[in-house]
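Input: a single structure, listed below in structure tokens.
The chains carry the letters A, B and C, assigned in the order they are written, with residues numbered from 1 in each.
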Amino acid sequence: MTLLELLDYASVIVFALTGALVASRAQLDIVGFAFVAALTATGGGTVRDVILDRNPVFWVAEPGFILAAVAAAALVFFTAHLFESRLKLLTWLDALALAVAVPAGTGVAMALGHGAAVVLLMGVATGCLGGLMRDVVCNEVPLVLKQGELYVTAALAGAAAAILASQVAPESVALPACAAVTFTLRAGSLLFGWRLPVYRSRPPRR
Amino acid sequence: MTLLELLDYASVIVFALTGALVASRAQLDIVGFAFVAALTATGGGTVRDVILDRNPVFWVAEPGFILAAVAAAALVFFTAHLFESRLKLLTWLDALALAVAVPAGTGVAMALGHGAAVVLLMGVATGCLGGLMRDVVCNEVPLVLKQGELYVTAALAGAAAAILASQVAPESVALPACAAVTFTLRAGSLLFGWRLPVYRSRPPRR
Amino acid sequence: MTLLELLDYASVIVFALTGALVASRAQLDIVGFAFVAALTATGGGTVRDVILDRNPVFWVAEPGFILAAVAAAALVFFTAHLFESRLKLLTWLDALALAVAVPAGTGVAMALGHGAAVVLLMGVATGCLGGLMRDVVCNEVPLVLKQGELYVTAALAGAAAAILASQVAPESVALPACAAVTFTLRAGSLLFGWRLPVYRSRPPRR
């Protein structure tokens, strides 16, 4: 298994766990868990593959991804009640999923020889869109747009780190560096309140 | 016209009727009816064709699909007031649309030679995503995720029935069997409350 | 730069401004502004290119589009407070974006030799879907489905005007005519309340 496949698997499994946790908040049945989990797990990578015209889409080529997502959904269905705070678990698993999905998107775009702007966008899209679909479909406030937290910023910084690192190091260093930067920024935002200034409207000039 | 084209037409027309009914609940004008109807009618099949890299997408190849969706929207615009309960009509038309869209997705994926996991997912996606787009865009609670009803389960069981039946019978038997299983489960859920157990959080273990 | 590229650039920049304005209403940080702006700016054209199988997608081929969207987002981040009514500014910029995106979609579909139904739908989809994604993701009531305003109708009429004009005039006339018709109808609806009759349920016949 290549590093990129490994990242895709990790991203699918951890995003599927988050999808199933959101399904538990909506009190769906086990097939509903699997549906939301599969949508969350494959959403970002599917958009990446369709936009970059990779054929076949990663989970069509290797249906093991679907089985992994369904297994993750079943695991959550039977164990989620063991956790005290499902929202906290969800937030941290989502941070972990972001940190593996961003290098998965970045790595594919770099391997196809795209320039920096496309690589950055594919990192952000692969990292953010699966969770965004999950939250829109389940009518949750999207984590990706939660005010006063680093999320897209963490993805963008991770993708930028991958581009910089790939100038001087092989993929096996650049993609883990991307994951580390993404997770550090997202975790720092959750734990210590790291943030960028948000827009605040001021009174118009006189 | 092949059986697959027939299923695509039936799916487009019946989903268009549901889209127009949702538009009537939002009190849109006739062009708004046509817009929501066309989105609902083509959404699932478009995702199917893009993911499976079928070119051209079914309604680009045969614009009659669009005309059929627009005609269905106009029909609803002028007649919806004749029905006592538009919500009930919507729910049952949606069940019918699901029952023709699942075999339409399943049949295309089987005809392209995909394995069971991809066939199942394409059946579910083609059946569920058009209605999901309709409900997200019009800010309705998605029927597909309504708690305590069989919906994705009906689609999944129908797609599984198609796979099993296709081992021993031709497509002309397998796809109608898929439609019958899907509709029976969905209708049984609506009429008799058939359901799977839903997730309920329990207190954490001590 | 061809006329179609020019329309794509104008559409990206003006839709990015609207995305950033919606981000300002959600009080996001500057990276959130860029994310919503890029999604809004590229959403409609990406769907167009994926459905019509244009490879590569327009902004993958020319990453200048992304830079333009990000620059527009930054501009709004630092200047939006200068405007008295951001909602009014948003509505009018959105009308302008619609009026350049519809000919951008229409022109591409006509250049690929598609028939009238596909050209109309691509005009509407390219014009409407970016803003629809923006509003769904940011949990705003979609402008495109706002009751009692011409929006999809303006897009549809513009696309129809392009088809008619292209029978007797070159693209350099047909596409500006499309933009003029779209903007006139949308602006007339905003300024003078032009509208089509909306659906109103009546009591069922006895």
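We adopt the following convention: a contact is a pair of C-beta atoms (placed from the backbone, for glycine too) under 8 Å apart; a residue touches a chain by one contact, two chains touch by 3 or more.
Quick caveat, the model's predicted, so the values are computed rather than measured.
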| item | value |
| --- | --- |
| Angle, in degrees to the nearest 5, of the Cα rotation that carries subunit A onto subunit C | 120 |
| Equivalent interface positions on subunit A and subunit B, same or different at half | different |
| Averaged-CA centre spacing for the pair subunit B and subunit A, given as whole angstrom | 28 |
| Sequence positions of subunit A contacting 2 or more other chains | 50, 136 |
| Subunit C residues touching subunit A - in the complex, by the definition given at the top | 23-24, 26-36, 38, 46, 50, 55-57, 59-60, 63, 66-67, 77, 80-84, 86, 136-139 |
| Contact footprint of subunit C on subunit A as seen in their complex | 50-53, 114-118, 121, 124, 128, 132, 136, 141-142, 144-145, 147-148, 152-153, 156, 195-205 |
